[in-house]
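Before any comments, here is the structure.
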Amino acid sequence: MKPWLPLVTYLSLAAVAFFMPEYSKTIATIVFFMALGQAVNIFVGLTGYVDFGYVAFMAMGAYGLGVVLYYMPQLGFAALPLGLALGVLMSILLAAVVGGVALRLRGAYFAIATIGVNEGVKHLIIGANIWGGGAGLILGSRAFEAFGRDTALWLANVGSAVLVIATGFMAVVAMYLIQVSKAGYALAAIRQDEDAAKVMGINPTKYKLLAFMTSASLAGLLGAAYYPLGNLQVFPENVFFIEYILDGLAVMFIGGAGTVTGPIVGGALYIIVRTVVGELLPGYQVFVTALVLMTTVILLPRGIVGTLRLHLPPKLREWLP
Amino acid sequence: MDFFSQISPFLLSGLLLGSIYGLSATGLSLIFGVLKVANIAHGAFIMLGAYVAYFALTMWGVVPFVSAILALALGGALGYLVYVAVVKPLGLKNELNILVALFALFLLMAEAARILWGPDFVGYTWTIGSFSLGGLIIEYTKLAGALLALAIVISLEVFLRKTYAGRAIRAVVQDSVGAQVVGINVDRVYALAAAVGIGITTLAGVFITLFIPVGINPYMGGPYTLMGFVIAVLGGLGSIMGAYLAGLVFGLITSVGYFAFSELGFAEPSQMALFIAFLMLLLILLFKPTGLLRI
Amino acid sequence: MPISGRYAAEGQYSLWGALAVVNWINDRGGLDCGGKKVRVRLVYRDSESKLELAQSLTESLVTRDKVHFLLSPYGSDLAIGVSPIAEKYGVLMVVVGAASDRIFQQGFKYVVGVAAVASQYMWSVLDMAKAVDPNVKTVGILYRDSEFNRMVAEGAKTHAEKLGLRVVVYEPYPATPKDLTPQILKVKAANPDVLIVASHFADGQLAIRQMAEQKVDAKLIALSVAPLVPEFYDALKNLAECVVGPSHWEPPVRYTPELARQKGVEWFGPTAEEFAQYFKRVSRELGGKEIEPGYHAAWAAKGVLAILYGVYKAADVDSAKVLSELGKARFMTFFSEFKLDPATNVNVAHSMVAIQWQNGERVVIWPSEVATAKLRYPSLTWDEKSAGKVCK
Amino acid sequence: MSLLIVDGVVKKFGGLRAVDGVSLTLDRGEVLAIVGPNGSGKTTLLNVINGVYKPEEGRVILEGRDITKLPPYLRARLGISRAFQVPRPLPDSTVLDNVATGAIFGGGYDIHSAKEAAEEALSYVGLWEKRHQLAGALAFSELRLLELARALASRPKLLLLDEVMAGLSPSEIDRFVVLIRRIAEEKNIAALSLVEHRMRAVVKMADRALVMHQGKKIMEGPPGVVLNDPKVVEIYLGRPWRF
């Protein structure tokens, strides 16, 4: 496969966000959904497992940066890399624990177990009043203190957009690296027939965990880029909001599960439909989006890119991964 | 005050509410057992049931116990429609696509409700008196609701064990390939299970308003989906009686758990109680995925 | 403004309130800006109560629609989320429908509040209780565990203690509760004189309903947010009687041009009657039925008026100039007086009024200058209410 | 040293002893047919050998190493390959990728050499022409061959063939029997083949036959002798009403 098309797309979006900062938030929003779909795709698309508690990884990322920024603004600019690293680390750790234990479960049982993890962590944070508890963390003044006013505003507007785009970019790279390696073969086998895969000598848990942790680390980065950096806040009700995984799944499905370009197409469509309907018929956009999603899933079960690939000659198919 | 009289109202209140929780999860459990589909749109049908109760009472003066029948019929019809229009065309193997389609349905129903009925939080008032027991004041409507919920669950269980259609459903729950081999029309069983499951869920939406007759709004469904999953798993997915009993357990955890954590001085006792509930869910899934109370 | 999603109801009323004022000024030929009449245009988008959409829509309002000023979306989370955009582009944003104290403690320069902040919500109610009954001793506080409600509860607790009251129960409950019986049983055991519930909509209705079931009586029961909409009474009927609530504004509140003249401050904008008339027209056109404006609507209207006043004074649409004019401003609208605290950019001349449900009507009972009825004290018991008695 | 030793294996499901104290040995290049009616415990025994089930009693020894407790994927790497009764290809992958996946994980090849090994295995079974098709598009008998190719590409020492002739026409069976014998002889691979009905094929294919009934080993010996034994004939023909 040739990953150039999706990579170039992300790079050009990053260039627009950087050089035309007045569009950075708009781009950040579109790419947020693309990158979310992309990260979800690495796990769900490649393994065929659904993780409804996926948002917990974004939340870990958000809290990682949020906590560093809130409690240690005196670190200055170092708070940013440190916070991002902590966020990603916490996501990976959570994924390792959840995955190591729950990936033994099949299908819907796994999906429900992960809901349990998401809700459990949320209730623990609120219930035991950890990290601001139910009232969350508000980071405006801390960001000003850590980065200085202008830099903080630039980071909140343009910086977070660039980081969100970078997450999408890295997700494509990760997807590419997985698909051209042994792991790609293993995951394809697991997705299609896990029992057969075992008999073929594949250790399913190992590869599922690999995909799970990769996906989680990207989700953590996305969460960190988005909430504490872009919105200067971490509210538990928002960062654990379970509908984001459904958005991610929707984006992935409209585009085509398991494809690399799919989430880009899906994310763009998902937001464009909302924006257009929102301007023409304010208040009806969720209704229309849901309708679009439902018809796509039923009539084009492979998604747009997935269906397109099916009808392309093999040479072109390489270019539309 | 001694310990028992302190805790008894929490116990009672938990059991009463738990009975309704249990009822509300049976539909989800049935659908999962038969179709192996996790009904993400579950909460939307609870919302629909709540609106049925609200409109029936405020517009026509029809009390919830009667409008429940209406909700059962409406939910049943919608359930059949969902099976024919969403689940069947995708094919049951296509688990992921069905999940996403049901999510779209969930959004669609909530948005339709908002467009039709407005975003306000509505409610009704209907009471026929109350009595006091063990430090808790209990409305007759609540007691009747809780007992009726039990009766409905028992009759559903009887239906599954004694009638041909019910036995066919049970056969499919246990072994869908085997059921096909012995000549059961699996397609019809799926349709029936979807209709019954969603019918019961919508009916449960009406019953829930006996306990929570306020705050009815288009977006109320989400938490019920989550709670439904927890209860259905605790009870063993596919088991009706199990789901009901797990509902009781869940009611007790949230109520007595609150009491316990409050005594222990936690910042947010009710959230800690929920944390325990979800922790239990995880432990059960890992060590006894057939459910705690499989019957 | 979110007009779908979890903040749909509040967002919709806020939008209509803002539209009512814009229509009012345009029907008068526009705003006087340096001697020239300028028409005002309100551009709005539906953020679906979602952060990411609130952000990108706000940005596109600034960069694509080239709006001169912003009204914040409803909800503290959304308002904070869009603040960096207002700051970056130096566009004045008036916060309406978000009252968390913490928004204004972040050091945003272009973010202005026009109404009292969350921690002050219950002050007027507590002041009133103390004034009406000097023997009040104990207060019970239940609160929804969220950013805004926690602020309300903490503010109430501090203020109660300042007034020499004892807080005998202080309990949180989850943001979307299904059952409040456990918390209410705790209140019952503590038996406070005054019971305060820092609630939102659905949970507030539920709290009253379950208090009635458990017959938890108090001399005064006050809830935030929930009692301020007609649906509260529709849902609870008689049980809503005597319930008190703090409000930013109510239709009977009469700040009038005469009052402004007496106090020697400038009057700006429509009168309360005019506002109600315009609001009804908007609600009929957009919502299909004519309804009375509530406090969300008036709050948003006040937000628009503050911007317009600043523009009128500065004779310019430059945010920095408008902001500096607002810093100096002292004027009155139908909503309240206006005076910014230079440290936080919040209007400190605004205080909450208190309402009580009496015989199916929301009446203003505090402060006495603008009150239309007297507080019924002590409140009827639940038994009396169930028997059909109303507060008179 | 024998390649595979199964020693007194017992596997219970609830009260039922599905495999009840079965022992057997198998050498390199040898083809053993396990014969028995439906429900006799053949498939369970196969699942014990490749690790899907863990037995309650007894041991499974491969090349002198006790593998009773190893998970299936590790046994696959040690050289146990399996073809399923109902073929289980990866339907959305190409034929080549299907076989290559087996080569990578069972055979321990890297990706590049796995593809070469896969092409070789495909041409060995006669499926090379179809290597770029999706596996889901193959005919049933081709799926059987695909499974065999996938097993071969993973450098097996022992092939487990679960009713691999079910559903094939008589001429296809003949070709299959020849193929299996060729594999055993040319590649020195042992094969353990489960057979329910195709007795004619057993005689041609197997060096030895082992008859199972109700979880127990009834007899073992040269196919021609075993299959004509009165006890075996009775199991199959004598009491048909019992099935």
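For reference, chains read A, B, C and D in written order, and residue numbers begin at 1 within each chain.
In this text, a residue touches a chain if its C-beta (ideal position, glycine included) is under 8 Å from a C-beta of that chain, and two chains touch if they have at least 3 such contacts.
What you are looking at is a predicted structure, and each value in this text was computed from that prediction instead of being measured.
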| item | value |
| --- | --- |
| Target chain D, source chain C, minimum contact steps | 2 |
| Count of contact steps on the shortest path from chain A to chain B | 1 |
| B-C compared against A-D, more contacting pairs | B-C |
| Chain whose average C-alpha position is farthest from chain D's own | C |
| Centroid spacing, where centroids are CA-atom means, of chain A and chain C in whole angstrom | 36 |
| Distance from the mean Cα position of chain D to that of chain B, given in whole angstrom | 48 |
| Separation of mean Cα positions, chain D and chain A [Å, integer] | 44 |
| Where chain C touches two or more other chains at once, by residue number | 4-5, 145, 172, 174 |
| Residues of chain A engaged with two or more neighbouring chains | 126, 133-134, 283, 286 |
| Touching two or more other chains - residues of chain B | 111, 267-271, 274 |
| Contact graph of the chains (line, ring, star, complete, other) | other |
| Interchain pairs in contact, sorted by label | A-B, A-C, A-D, B-C |
| Chain B-facing residues of chain A, complex | 44, 48, 50, 101-102, 104-105, 107-109, 111-113, 115-117, 119-120, 123-124, 126-129, 133-134, 242-243, 246, 249-250, 253, 257, 283-284, 286-287, 289-291, 293-294, 297-298, 301 |
| Residues on chain B engaged by chain C in the complex (per definition of touch) | 9-10, 13, 17, 58, 111, 114, 118-125, 127, 130, 135-137, 139, 211-215, 217-220, 223, 227, 254-255, 258-259, 262, 267-271, 274 |
| Chain D residues within the chain A interface of the complex | 50, 52, 71-74, 76-77, 81-82, 84, 88-93, 97, 100-102, 104-107, 110-111, 132, 150, 154 |
| Parts of chain C lying in touch with chain B, wherever the complex brings them together | 4-6, 8-9, 12, 145, 171-174, 176-179, 181-183, 185-186, 201-203, 205-206, 208-209, 213-215, 229, 231, 234-239, 287, 386 |
| Contact footprint of chain C on chain A as seen in their complex | 22-26, 28-30, 32-33, 126, 133-136, 138, 140-141, 144, 149, 152-154, 156-157, 226-227, 230-233, 235, 237-238, 274, 278-279, 282-283, 285-286 |
